[in-house]
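Two complexes are shown next, each including chain A; its partner changes from chain B in the first to chain C in the second.
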Partner chain A sequence: MINRIAAIGRYGTASIQSIGRAGQLLLNSLLWGGPGSAGFSDLIKQIYSVGVRSLSIIVVAGFFVGMVLALQGYNILVKFGSVSALGTMVSLTLLRELGPVMAALLFAGRAGSALTAEIGLMKATEQLSAMEMMGVDPLKRVVTPRLWAGIISVPLLALLFSTVGIWGGAFVSVDLLGLYDGAYWGNMQNTVIFYDDVIQGLIKASVFGLVVTWIAVYQGYDSVPTSEGIGKATTQTVVISSLAVLGLDFVLTAVMLGSI
Partner chain B sequence: MTSDIHVDVRNLSFNRGDRMIYDGLNVSFPRGKVTAIMGPSGTGKTTLLRLIGGQLRAEKGEGEVLVDGKDVGLMARNDLLALRRDKMGMLFQTSGLFTDLNVFENVAFPLRVHTKLPEDMIRDLVLMKLEAVGLRGARDMQPAELSGGMIRRVALARSIAMDPELIMYDEPFTGLDPISMGMIVRLIRGLNKALGLTSLLVSHDVDESCAIADYLCILSGGKVIGFGSPEELKNEGNDEVKQFLTGDPDGPVPFHYPANDYRQDLLGSSK
Partner chain C sequence: MRMRYIELAVGGFMILAIVALVLMAFRVSGLAMNTSGETYTIKARFENLGGLTERAKVSMAGVTIGKVTKIYLDPEWYAAVVEMEIDKSMSTLSIDTSASILTAGLLGEKYIGLSVGAEADYMADGDWVQDTQSAIVLEELISRFMFSKAEES
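Let's turn to the complex of A and B:
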């Protein structure tokens, strides 16, 4: 019994310590270094590897999600005779919710896990130690550009996801279901408010980008430097960052809508 | 500043997990000399180098590691980075080459980060270092395309890129063919002679170490069991030291990691 309580206690202190280390990592790498602290070419390289390489999965997923949204929305709205609101429904759902959330989740699976594995491997092969011994701070050199790349990429990916999703919705509703295209696009134009809907979605996406990348680099940086440890860290990245995105989404939505 | 002692370890105790690695270690490494650190696998030679480099720190009150008279265990992070940049080089047991950079860029890395030298000067410096390890022709290769011995030589070239005053080599000879080995031996000796580098060399090769080291430091069981020139130790060392230098498995130094009785273990009567 005592043992079990002690085990819970150990787990508790270990978790809190881990949160502390993660916080320290974030402070040290973001406060010390702006986006270009390791050179802009490094930042561009990282944006390419986390952002550009996620483009295809974002485009394909966005198109399908938009198509499904239109299909489901049409079948609901048709019961109330208000299919002309379909464009509004699809676009608001994407811009406010699905764009940021889905882009962040896909980003966690595609780029986050790769970041964790990359940094974990650099640790296991003593690349980080070698850097330290050359008097180079690996936080600044390795972590900072990756964090900024995530913060910059995810909002752009979310915007792309929403855009492609809206096209996917148009394809289903206008081309397949025969909705008048003026209704789809025109009502969307009249109801979507740039500052409320687009910007709030982008703010969400930036926060998700920060959180997902932060979790990914921390998991890699703090991993046990063996193949097993890196595997575990990679899984943790996907699990923790997905849950964090979904949880934070609720909090941010509540704050933005101001209705709780 | 320029005392005869470059690195001074005083009364150092260090644990890893539950295992005690050092218990009151005292050892001084003289400036401008090659000192070979030897000892059975797992005694903590790599640990010692990491303590000197400040990557591991002893607990408060558990002893001091002085480099140029300053305790690296108490240094602020930025001072430590500056010390390593200006004064220290280290060759890791697993080399630590950057896998996303080619050979040239690996060696150029510290120069690019720490200096504002023009590109053609960096090029010349890198080619000089690569020439010294015989790999000027491999400058465009990726680390994944290199053999184990070549990786080690590139890492060596990189660790001397900033011309350190103190250089630590962790097992630089493992995985080298006799020709490269001879070359690295000459290189280590040459760097020491030409630039007056203090070199700490961890190695298991008794012959090579005796050939290039001014002093041998033999560690076992968390203590220094012998320190002196190779001849001194061979002639006057105690039994443990002699056993180590001749490579005899029977003697005061145990070959086995501490374990319970072998026979009982096999019969499964203990866990």
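Let's turn to the complex of A and C:
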């Protein structure tokens, strides 16, 4: 009995310890500089591997999400005779919620897991220890460019997701369902406010980008350096960052709408 | 060579995102530029617009033939002036065409409905619609009805 209670206590302290280590990692790796720090070309390389290579999944997913939003919205709104609100519905849903959230979730699955596996493997093959031996800080060399690549890439991906989604919605509602295109675009232009909706969506997406990459690099950096440990860390990355994105989305939305 | 390809790809990605942002600014959040084809403009004076906005559609017999481009107040008449762009394919509007502000459904958006006249001459660019009918404001109708009921009892 005592042993079980002690096990719960150990589990608790272990999780708090791990949060502490994650905070330390972020603090030590967010800023550039230091011995053997990564250069600008490393950032470009990382934006390529997490951002550019996630582009195809983002564009395809965005197009289908936009199409299905328009289809569902049309079938609901047509009952109330307010199909003209369809463009507004599709664009606001995408810009405020689905763009940032879906882009972050896809990013976590596509790029986050790869980051964890990459860093975990670096740890398992003792590349990180070798860097320390050479006097190079692996946090600055390996983690910093990846973190910033995530912060930069996710808002851009979210923007592309929303754009493709809105055009996908236009394709379904205007071209397939025969909605008047002036109603789709006109009502959208009347209601969407650039600074409120577009920019706030981008802020949200940058926060998600930071959180997802942070979790990914931490899981890799903190993984047990065996093949089993890396596999577990990769799963953890996807699970934790998906939950973090969804939970954080509610908090950020509440702050931005200012209603709570 | 590989680094050059990566730089090109990242640059393309950035440009794509900037294009998306520009599209968001102009096409989605309303700083829209004119994209339609050949049109001509006619004007109409209304006493009350009742919620008609720019970019609202202009229709005839239920078919959309144009859109509202500009709304402003005429300081001499104290009436609202609505400028609308009509598609060039509908260039055969007679000069005594009448315009009224209608509502799509009971609570839907406002639009302008044109009804044909009988004259043989056609409207040209910049002409005024003489016969107009203002929007029906639902609140006014209800209050008028309530007052008349109150007087009866």
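What we mean here is this: the second predicted complex is superposed on the first by the 253 of 260 C-alpha atoms of A that agree within 3 Å, B and C clash if a C-alpha of one lies under 4 Å from a C-alpha of the other, contacts with A are read in each partner's own complex, and residues count from 1 in each chain.
Rule of thumb we're sticking to: a residue touches a chain if its C-beta (ideal position, glycine included) is under 8 Å from a C-beta of that chain, and two chains touch if they have at least 3 such contacts.
Predicted model only: the values in this text are computed from it and were never measured.
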Combined model on chain A: chain C and chain B, fit or clash: fit
Contacts of A:Leu71 with chain B and chain C, given as first, second, both or neither: neither
Per-residue touch tally on chain A - higher for chain B or for chain C: C
Chain B versus chain C as contact partner of A:Thr125, first or second or both or neither: first
First (chain B), second (chain C), both or neither touched by A:Gln189: second
Vertex chain A angle, Cα centres of chain C and chain B, expressed to the nearest 10 degrees: 160
Which superposed partner A:Leu177 touches (first chain B, second chain C, both, neither): neither
Partner chain in contact with A:Val136 - chain B first, chain C second, else both or neither: first
Smallest distance from any CA atom of chain C to any CA atom of chain B, in Å, after fitting: 12
Chain A contact footprint on chain B (complex, rising order): 53, 55, 77, 81-86, 88-90, 92-99, 109-110, 113-114, 155, 158-159, 162
Contact set on chain A toward chain C in their complex: 41, 44-45, 47-48, 51-52, 55, 81-82, 84, 91, 95, 156, 159-160, 162-163, 166, 180, 182-183, 185-190, 192-194, 197-198
For the chain A and chain B complex, residues of the former touching the latter: 121-122, 125-127, 129-137, 141
For the chain C and chain A complex, residues of the former touching the latter: 3, 6-7, 9-10, 12-14, 16-17, 20-21, 23-25, 27-32, 53, 55-57, 64, 67, 104-109
